[in-house]
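Structures follow.
Presented sequentially are two complexes of chain A, the first with chain B as partner and the second with chain C.
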Partner chain A sequence: MPSKTSTDSQFMARLGEIRKASETEGPAWLLPKKEAAWNAAVSKGFPTRKDDEWRYTDLSPLFSLPVVASRADGGPEGRKSGDKFLAPEDIAVVIANGRLPEELPVIPDEAKGLTLKKFSAVSEEEFRNWLAPDFSQPTDLFSGLNTALNYDGLWIHVPAQLQVKPVIHLCHVASEATAVNVFCPRVIVTAEPRAEARILMTFSSASGAAASFTNALTDITLGFGAKISLAVIQDESHENFYIHSARVTQHKDSSFDSFILTTGSRLSRNNLAVTLLGERAETLLKGLSLLQGDRRADHLTAVNHIAANGTSNQLYKGILNGQSRVVFNGKIYVHPDAQQTNAYQLNKNLLMGDHCRVNTKPQLEIFADDVKCSHGATVGQMDPNEVFYLQSRGVPQKTAVAMLAKGFVDEMFPQARDSVLERFLLTVNPLLGAVAH
Partner chain B sequence: MDKEPLEKTSQQPLEKDKLSSGEYKYGFYTSVDADLAPKGLNEEIVRLISGKKGEPGWMLAWRLKAFRHWQTMTEPHWANFQYDPVDYQGIHYYSAPKKKADGPGGLEEVDPEVVRAFDRLGIPVSEQKRLSGVAVDAVFDSISVGTTHQNELAKYGIIFCPISEALQKHPGLVKKYLGSVVPYTDNFFAALNSAVFTDGSFCFIPKGVRCPIELSTYFRINAAQTGQFERTLIIAEEGAYVSYLEGCTAPMRDENQLHAAVVELIALDNAEIKYSTVQNWYSGDKDGKGGIYNFVTKRGQCRGNNSKISWTQVEAGSAITWKYPAVILQGDDSTGEFYSVALTNHRMQADTGTKMIHAGKRTRSTIISKGISTDQSNNTYRGLVKILPSAEQARNFSRCDSMLVGNQCSANTFPYIEVDNRSATLEHEASTSKINADQIFYLQSRGLDTEAAISLIINGFCKEVFQELPMEFAVEAVKLLELKLEGSVG
Partner chain C sequence: MLEIKDLTISMNGVEILKGINLSVKQGEVHAIMGPNGSGKSTLAKIIAGHPDYTATRGEILFNINGKMVNILGLAPEDRAREGVFLAFQYPVEIPGVSNAIFLRAAFNEICRYHGAAEMDPLDFDAFLREKMARLSMDEKYVNRPVNVDFSGGEKKRNEILQMAILNPRLAVLDETDSGLDVDSMRVVADGVNRLKSGNNAFIVITHYQRLLNYIVPDVVHILKDGRIVRTAGRELALEVENKGYDWLKQG
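Then we have the complex of A and B:
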């Protein structure tokens, strides 16, 4: 590997020290995978802006993050920092500083059959039946690092026909009472035919927590007719770096939707890859970035239509204040066999700050002829006429701006409110109010 | 219009093979005595080309600088196509039809075969055809063989001549503008072109002049194992206007020939340049054998306030197209436009689009791109819209539509949108779809056969672009698409 800058290799070396601490942890089936992932990551090195997928995001600030390799998890006090997102009716797992709790929650009767298991408790047979495919997927650098540095992962398995009513809430917190600052949470979700579940992932930091780097990896596999919905709220502190890679595999007739809200972290990157492997699969991807200060959010989506009659829809919006910057790089790939695919993509950005920046790169790669694919992108500012109209009706200027900003994002929130959406609005509403300032 | 013969001369081969999928009608080869430089590329060749042209010393020095820079560069491979490596040492960098006598002279001194070749192409280079409303500069392999209407244009102060002639007659103007939009360091092919360019057109419209006729250059590659490296430079001074057309063809050969051109446009205050291209280089046969590698750098600079540059292109030929006509919108209130139809068939690969760089205040740009892929071809739109921090209230609208005809082709869209100023407003939309079966059926039920129906639908699909072309070019473009699509739909 040609050495790029000394800092990225130094950072890799610091990660190597963390790895030493977790090298021998985990079940026997996992250890060789961790070893291989680490070696691959070292030989690959960090991407640079010459890599097309990282064209607009410079990783170098990450390399100057001091890395601490302690194993403390912050204890019960630290776990409380994610409280604002917790709801009593959920099946909640608090993942503090990237580490799973000692005891996983008890599954309530209404979700009987649902399995939550740590990787360390997964048997060799379960691994072969359910988890092996996710460990043999080709990985990019960050998902490889996740495998190599993860202490213990979580496996969520929804058996056939089961509709899990309560929300499965994975509450990630970075707490103050810790020295650890590189978190690599890993989740694998497998849904058997016609299973249904809703998963909420929240990422937040306690005030006063040290600057940290979250490098999450989530794999979701949907069996025939299964339905999974993934909601992510990323509200970490301003000092943090956040990279979340999610890989979704959809079989016949399955339906997947996701909603990613990005508000925190100085640099956040969401890699979302969905493969529509079976016919008639449906995908809906939504993303909302509300950014202030000099925060940066980078969304990379890749929707692969492998089989026929699939439908995918992407809607990503951003409101930018200050010197913030948002990147949207959406890819739709339609395989030659994926006839009668409908694939749509829309990216809209509202620029509020004087020095904010937008880079959008919607891509279509189409190899089948009987398809309908489209993408659109807009970048603009608030219409002064609309603000003036509201002012002329007696609405103060700031309120008018906030109202219009709310109007801009409203179509992302369906009319029917549920407990997951309530938690989105809990984060979104105060930010919309602050847009005008 | 004198464009007529274009269709007429090609009647015979066309009729015969009417249904055998898009026969290339300009594939003939003209046997002429040529003055051919030895194969290969080195400083000697660069000196030889410069010597042949009797260029001033600074020009040779510039070429050598470009050549030395080119040697340090590597061929780019980021575009969405694959091709066999080009052997840069296996090409003749200079090939000129021999004149009967040395020294400057009129068209009568050009080999009559060359004149006949242009007649077959329908290009009026001979004296008696100069009545037509288009001034033509005809470039055959490495040199310009004739430019029409020069005297009439001179009355307006317009200079329209081969660039090698401009280097002798107007060296000051060439020196001032050459390489000011596309420096030789710009990219691999621009550096190569800067070192070895042989001819091309030079066009200068002085202040306040509206060019009364359309200017046109017709490029013809004839000799085997040669490359064509032309350089075009168009300058419109304050308040000037010019409409410029470019056409290109080449014989059918099994080898791949290289065409690496550089086009630079400069528009000063309130000036307007309209540049239209119908590119129909030989694209190779059904199995992808032969055809031109078309690696072109085209860039315009709206240097003055309220200036306008408009690119219109119909890309229907070349085995490989790598072309991104760009506009740098530097002057306040300047406008950039890009209208494109790219049709690929057989195994053609096209990676084309535009770049709009907004620097001035209230600059506006429009992009309309239509891609049609058939057979086993690969058609890519790649475009960049960049709003620099200085571009207050910039505005862009982009639309890229792709149509797929057949299930072995591909259509790709890679737009890059970079906004660094909050007051900008941008809209981008793209779609990809199949030719609509209901529409075909409707037209069939009205008595049209399938091919006529498809041709009508494609025409409608491309209408927004065709209407930007000068009239006779639009007619030619429509015919060209019809010819290319023949037999490719079933």
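Then we have the complex of A and C:
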């Protein structure tokens, strides 16, 4: 269809204009990468629904966005939308309208040794030692665009043995009132052997903010025995377009867990690729979509078992109302050398409305013969027997439904309450009432 | 207290209950026995208000504030608040909702309905633990999700626990003895006997006479093919135990 082609090429052209603004920003080592990434993106072009990974999500509404370069960080007023997610004990970086702050936070004594550095301050040597691998990974179109359009990225480095107690919080806020912006935040996390840290990424938009397009890229590398937790909360306005690609590389004995909470938006695409490169690596991926109206959320996971004795668990849940829609595409690859792998995947969805929809697609490719793998998916309405059971004890129907929906969600939080969970509940609790209706 | 009159229920054009008449007075224990598929569980469920069943004829009158009210028109939660309780044959698992939270929510709903003060979490916890101890239930069941990973016996005890907490006026026990060993049965029966008073009534649905050694019925009914074919004293249960159901003609 020529009209569609012209729309996405027009969009690419608008991104080209924006790129000019950031073309010369960043350190010398980065400029050729940006250039190469841009050229690759232009020749690759946008995926269509003929591409397997975009089969259930239509990108065309994105192409009609009149995007322009973001000029300002929104000022202190604009940053307020993220305030509810901030806790005083966090090591917090407020990334307003895609821009890192002038000054990065001072590292408290209890996290001494932790490095937070802008790409613009990273030396050639640091680049070669820590960041280079992430710039040579094969990229999909949106990751490439992130590199091409990013103003400045953030490098988080956790040295060997250090257990970072405070939460490292990357608080993204969108506040531009009129212009439609593209934000391309980039983070690279490198954890040396036995290092431990928790990273929270929140994405929110100020009330009255114009639509925006967030195209985030996060790379995490876990050294031997390292432990990293990644929590992501996307709680943006309905008008936003959001694509976040997280790529995780795990070495021997490392342990990674993630929890992605999304309230959906016009487009909310969450790519999470984990490569278990070393033996005995463990990974636990959780996702929760709470959607109402005509919001959408699309999760693409790819767990790559390269080495033996790895364990991966995926648990993704959705509660949908109205005409909302969730896509879950969960991939597991077990390579021939990855014997004794345990890889599990479960996707459960609760439909509260008559017009909501779920597309769930497990994809297991197993090339080792001594493995335990399973997958499962459920899409359904609330079990009337469960509702009746509660009613038969005097609980009114509406309360029963709300209790069951809360139970459906609470099952995902078996751990004791901590500061990250509190932040999740800030979004979950008010929304549950609305979605489970 | 309970008057069931000509209760008839069809499902998909097939009559499951064919004109049940049953009268239960305060302080009485009625046993309902009968072969598989005779309609016992259907009767239990329609008393509690299960949405799958609708009466095509008849009524279920229940004494509410001195007046006999047809409860077929009441939502299940309102029946519960008026004092109707069903111990489920297959208690439902509720993942993610802890037993304590569920029980307190149910208890407080009923308090609120009757204009009584709600119990705060600490007081309720003490109240709950005392009731659990009496039913020899391990404390680990306080915070476990409702019926999830409970053994068959623990699920049935959990039903009796809920009954003890909600203190109903009419309790219907639907095959509470099925799948129970003798010790558990004694514990369950003990729970019923302790609750029994001149102000409440029980309908005990069972296949076997065994439970009735522990919960002694005043009246025994035999339900067969959707009809009550015989009503007598507790000796009827023994007779059925010896002779089976075949000798009883369909009503």
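The working rule: the second predicted complex is superposed on the first by the 422 of 437 C-alpha atoms of A that agree within 3 Å, B and C clash if a C-alpha of one lies under 4 Å from a C-alpha of the other, contacts with A are read in each partner's own complex, and residues count from 1 in each chain.
The definition used in the following text is that contacts are C-beta pairs under 8 Å (C-beta built on N, C-alpha and C of every residue); 3 or more make two chains touch, one makes a residue touch a chain.
As the structure is a prediction and not an experimental result, all values here were calculated from the model.
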item	value
Broader residue contact with chain A after superposition on the shared chain, chain B or chain C	B
Partner chain in contact with A:Phe367 - chain B first, chain C second, else both or neither	first
Which of chain B and chain C A:Ala191 touches, first, second, both or neither	neither
Partner chain(s) touched by A:Gln391 [first = chain B, second = chain C, both, neither]	second
Which superposed partner A:Leu65 touches (first chain B, second chain C, both, neither)	neither
Which of chain B and chain C A:Leu404 touches, first, second, both or neither	second
Footprint overlap on chain A, where chain B in one structure and chain C in the other make contact	none
Sites on chain B touched by chain A in the complex	78, 389, 402, 404-420, 422-434
Of all residues in chain A, those that touch chain C in their complex	383-386, 388-397, 399-400, 403-404, 406-411
Residues on chain A engaged by chain B in the complex (per definition of touch)	52, 56, 320, 336, 339, 349, 351-381
Parts of chain C lying in touch with chain A, wherever the complex brings them together	48-52, 75-77, 79-81, 85-86, 88, 91-92, 94-97, 102, 105-106, 109-110, 113, 145, 162, 166
